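Note that the chains are named A, B, C and D in the order they appear, and that numbering of residues resets to 1 at the start of each chain.
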Amino acid sequence: MSPRLWPYFLKQAIWNMIKNRGVHALGLGTMVASLLIFGAFLLLFVNLDTWLRGWEHALSMTVYLDDGISNAQRNKVASMIKRIPGARIKRFISKADALEELRDALGPQSGLLDGLSTNPLPASFEVVFKGPEVAKTLSSQAMEKLKKTPGVEEVQFTREWQQRFDALMRMVRLVGFIIGGLLCLGVLFIVANTIKLAIYSRKDEIEILKLVGATDWFVKVPFLLEGLIQGILGGALSLLTLFLAYLLLATKKMQLLSFPILNFTFLPSEYVIALLIVSVLLGLVGSFIAVGRFFEL
Amino acid sequence: MIQLFHIYKNFGANIALNDINLRVHEGEFVFVTGPSGAGKTTLLRLIFGAERPAGGHILINGINLSRISRTRLDLLRRKIGFVFQDFKLLTNRTVFQNVSLALEVTGERRSFIRKKTRQALKLVGLVEKEKAFPLQLSGGEQQRVAIARAIVKDPLILLADEPTGNLDPELTKDIMVLFRSIHMKGTTVVVATHSRELLAGTAQRTVFLNRGRIVGEE
Amino acid sequence: MSPRLWPYFLKQAIWNMIKNRGVHALGLGTMVASLLIFGAFLLLFVNLDTWLRGWEHALSMTVYLDDGISNAQRNKVASMIKRIPGARIKRFISKADALEELRDALGPQSGLLDGLSTNPLPASFEVVFKGPEVAKTLSSQAMEKLKKTPGVEEVQFTREWQQRFDALMRMVRLVGFIIGGLLCLGVLFIVANTIKLAIYSRKDEIEILKLVGATDWFVKVPFLLEGLIQGILGGALSLLTLFLAYLLLATKKMQLLSFPILNFTFLPSEYVIALLIVSVLLGLVGSFIAVGRFFEL
Amino acid sequence: MIQLFHIYKNFGANIALNDINLRVHEGEFVFVTGPSGAGKTTLLRLIFGAERPAGGHILINGINLSRISRTRLDLLRRKIGFVFQDFKLLTNRTVFQNVSLALEVTGERRSFIRKKTRQALKLVGLVEKEKAFPLQLSGGEQQRVAIARAIVKDPLILLADEPTGNLDPELTKDIMVLFRSIHMKGTTVVVATHSRELLAGTAQRTVFLNRGRIVGEE
């Protein structure tokens, strides 16, 4: 392939796009719509996931201590807790604090505590977990060791509604992945089809080019360039639209809905780049396959 | 040199060419004639490699077309000019682009392409129309674009299928003068036609086809 | 329009579909993919919504009674509760039951109850709500009246984690509606585009028909029929695929995921019909608009 | 009757027809001739209403084409047969379907359409090819399909644009005989051509066009 041809190819690709702007506009529109759907889905999913992770971390643990525990033992327990991956001591609750809290929690029934002569509640550490691998943490060796440390009366997870919540999270994620996977497949299929359709309307052109002695590559390259340009445009336009929609949602609208969404973030840059690459590949590979089908002669 | 040995070509049950043997020497000028549906277009398309024979062999300058690779066929086509009966112009490119296309595919230098294209358009009398699109041209103008595209690359072989069907007698004469001058430079020329006017004016070798068979030669 | 023409139109539409099967297959594929995406989304959303509604109803209320309440008064409170729309008495908890439950709930700290001389806990009704209009119920007149009824000490909602959960549900729904709306727009746009592209590759045909003296309707009707057939096929195929996918998911796969999805239902019939109508309309209106664009002459 | 008054038609800067005045009586047979690009096709397309004049008026049997509605134009076209220079056949319909199309649009009875279509195909000698698709035909065969489609509806006016450009002399003679017989039945016939053969054989009225102007009549 002579390098002298490249200016011709580029000129031809642009010329073709202008001359077939109707078909190109339709194809581009479809591409942008498809990628936009996928992008919007990704955006929402990424944010949803972040929020869910935030809640997931709400999982906490209470380490109850024996009444007669020494300060040294207590410090040892504290350092053991710190050794559990992802765990962080939120606070220490003394026996007195515990009673006070129970009184608050009981509310109208707190009167029943008035009759107590001694404080039967144990002191405790309240522990929260940072990392997303809570499940791993819970079965870790450090955790097992902690339970057997002298001075530790019991380790209890604040699981009141945690399990239900866990199930919901898993479901939302599963739903997300199913929709996402389907969407991805669908978008690939739709864009490839659209490019095929667009090239279909130009099969005479391919035939004539072959008849004047053009090599396969000579015919293909301008189509591939067109696909490439369309891919870049499609990716850029859909990301731009998505970003504008994001700005609109993230600033004004969310407040109006009186909705507790604090930090609604845009797609991380890896996702943006991946989307661009996918759209460029779609344009390129789509036209490559589509053109190839018309090379019978 | 074009050689056809026992060429046979059918489309389904329809036999378009039947046991054709033909030899066109280098630099020869041959007319192929015969009634509508005789097989003239099919014959030219076979020589061009746009169609494959069902039987027999075609040699172009000693190269057997049925043994040739796709890439080599593309290269061979660059040396053959073909005036298609239905023109086969690209409707979304200008006249100039349609003609220059035949040189673009060879990767020639830009300035050379421009010069040759202008020359060819001048020869067929279409310089003013170079910016027009095929659908903005009259039938005869389109035919002349097709002729310009076939001759722009100084082909070794020129195959012209009914090249003057849409041209008036004056232009027909001009085009025949053009073909003859190309022939004089050494190009092998094969013209398929049923125009009596074209045939009458010359003492050229003429092959008569009928129902897929060669039925005579003059 | 002569009725004699209808057989011709139908024949022509079918003939065209066969002759342009490449273009039609591409168009149909795109249509099925788009509708499938939308349908899959709907399916998941409908189920998610059902599950969420199930949880939403978990909202409950406790009506605490004065210690000295008479049986007649208690019955009156019960009948008042029953008058609250959607409310249902789950059970009556006597003072003794209440203490027992508190003991269970306190677990290791239950020892603190041993020092009690009298039972300070009130008897109560546990009330759950059936209907989805919990918010309305809570502000209803009947509720206000209940609070002021003699013998009622206090009305308390079991809201420990309800608010958080409510926010999550609202978010999931919002996300669902955003994705759904976008999807719907996108699918409409994509399908309309695809039909336009398909007709674009046949604009010569339309021109020639007009030149032999065909009226606009004569040209349009076969295209509209093609669009109609494509719409029906597209809708039916996507629903069928969706249903098969549903069967696959609903039976085996879900158990394997050890996931608490009990009744995964298919789309309600209204949705199925709506999807079919939308796809038929898409095919019909899409081709109507697309053909119309080529009637300059 | 076809009447053209001071017809003017331009394509951008290009003036295709310039102040054309022409009157073709009912049942007349007229040739229009002139060099390539003279405006013959444009003239016929104007009469057919496929193009609108930039100035002047066209009356077909007293109906002013520039005042007519789209629907009435469709109806008028059903009475005009047009043999297009580039055939304009539907590539995805068979020969039979292409020809019968001209009758289908009128909503005629099925059996009638079949009968007439067979008849027309017979007249142009293409009965055996009725199931073929246009791209499976030779150039001359395609042209004859176009002719069959124009005559199948027994038009009041027959406009033929270079109808024998792809036909051999025998077929050309046959087609001219066919046109004349249609003319005998009362059809007005206008044939655009530059074939000397066609013109030489007759003493018919001939209009000479050049560069968009009528430069003579015979």
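Just so we're on the same page, a contact is a pair of C-beta atoms (placed from the backbone, for glycine too) under 8 Å apart; a residue touches a chain by one contact, two chains touch by 3 or more.
Small disclaimer: the values here were computed from a predicted structure and weren't measured.
**Student:** Starting at subunit A, figure out the least number of steps needed to reach subunit D through touching chains.
**Tutor:** When the steps are counted carefully, the minimum from subunit A to subunit D is 2.
**Student:** Any chains in contact with both subunit B and subunit D?
**Tutor:** Per touch definition, common to subunit B and subunit D: zero chains.
**Student:** What is the chain whose Cα centre is as far as it gets from that of subunit B?
**Tutor:** The chain farthest from subunit B, judged by C-alpha centres, is C.
**Student:** Just the number, please: Cα centre separation of subunit A and subunit B in whole Å.
**Tutor:** One centre to the other, that is 62 Å.
**Student:** Can you work out the whole-Å distance between the CA centroids of subunit B and subunit C?
**Tutor:** Centres of subunit B and subunit C (C-alpha means) sit 66 Å apart.
**Student:** From the mean C-alpha coordinate of subunit A to that of subunit C, what's the distance rounded to whole Å?
**Tutor:** 23
**Student:** Which positions in subunit B are in touch with at least two other chains?
**Tutor:** Correct list: empty.
**Student:** So which bits of subunit C are touching at least two other chains?
**Tutor:** As it turns out, subunit C has no residue touching two or more other chains.
**Student:** Which word fits the touch map of the chains here: line, ring, star, complete or other?
**Tutor:** Shape = ring; chains linked end to end, path closes on itself.
**Student:** Name the touching chain pairs, please: which are they?
**Tutor:** Touching chain pairs, listed by label, come out as A-B, A-C, B-D, C-D.
**Student:** Which of the residues in subunit A end up touching subunit C in this complex?
**Tutor:** 22-23, 26-27, 29-30, 33-34, 36-37, 40-41, 44, 48, 51, 55, 64, 102, 107-109, 111-122, 153-154, 160-161, 164-165, 167-168, 170-172, 174-175, 178-179, 182-183, 185-186, 189-190, 193-194, 196-198, 200-201, 257, 259-261
**Student:** So in the complex, which bits of subunit D are touching subunit B?
**Tutor:** 11, 33-37, 40-41, 85-86, 136-141, 144, 161-162, 165-171, 194, 196-197
**Student:** So in the complex, the part of subunit B that touches subunit A is made up of which residues?
**Tutor:** My answer: residues 48, 50, 70-71, 74-78, 80, 82, 84, 88-90, 92-93, 101-102, 104-107, 109-110, 149.
**Student:** Which part of subunit A faces subunit B closely enough to touch in the complex?
**Tutor:** Touch residues, subunit A against subunit B: 2, 4-5, 7-8, 15-16, 19-20, 205, 207-216, 218, 297.
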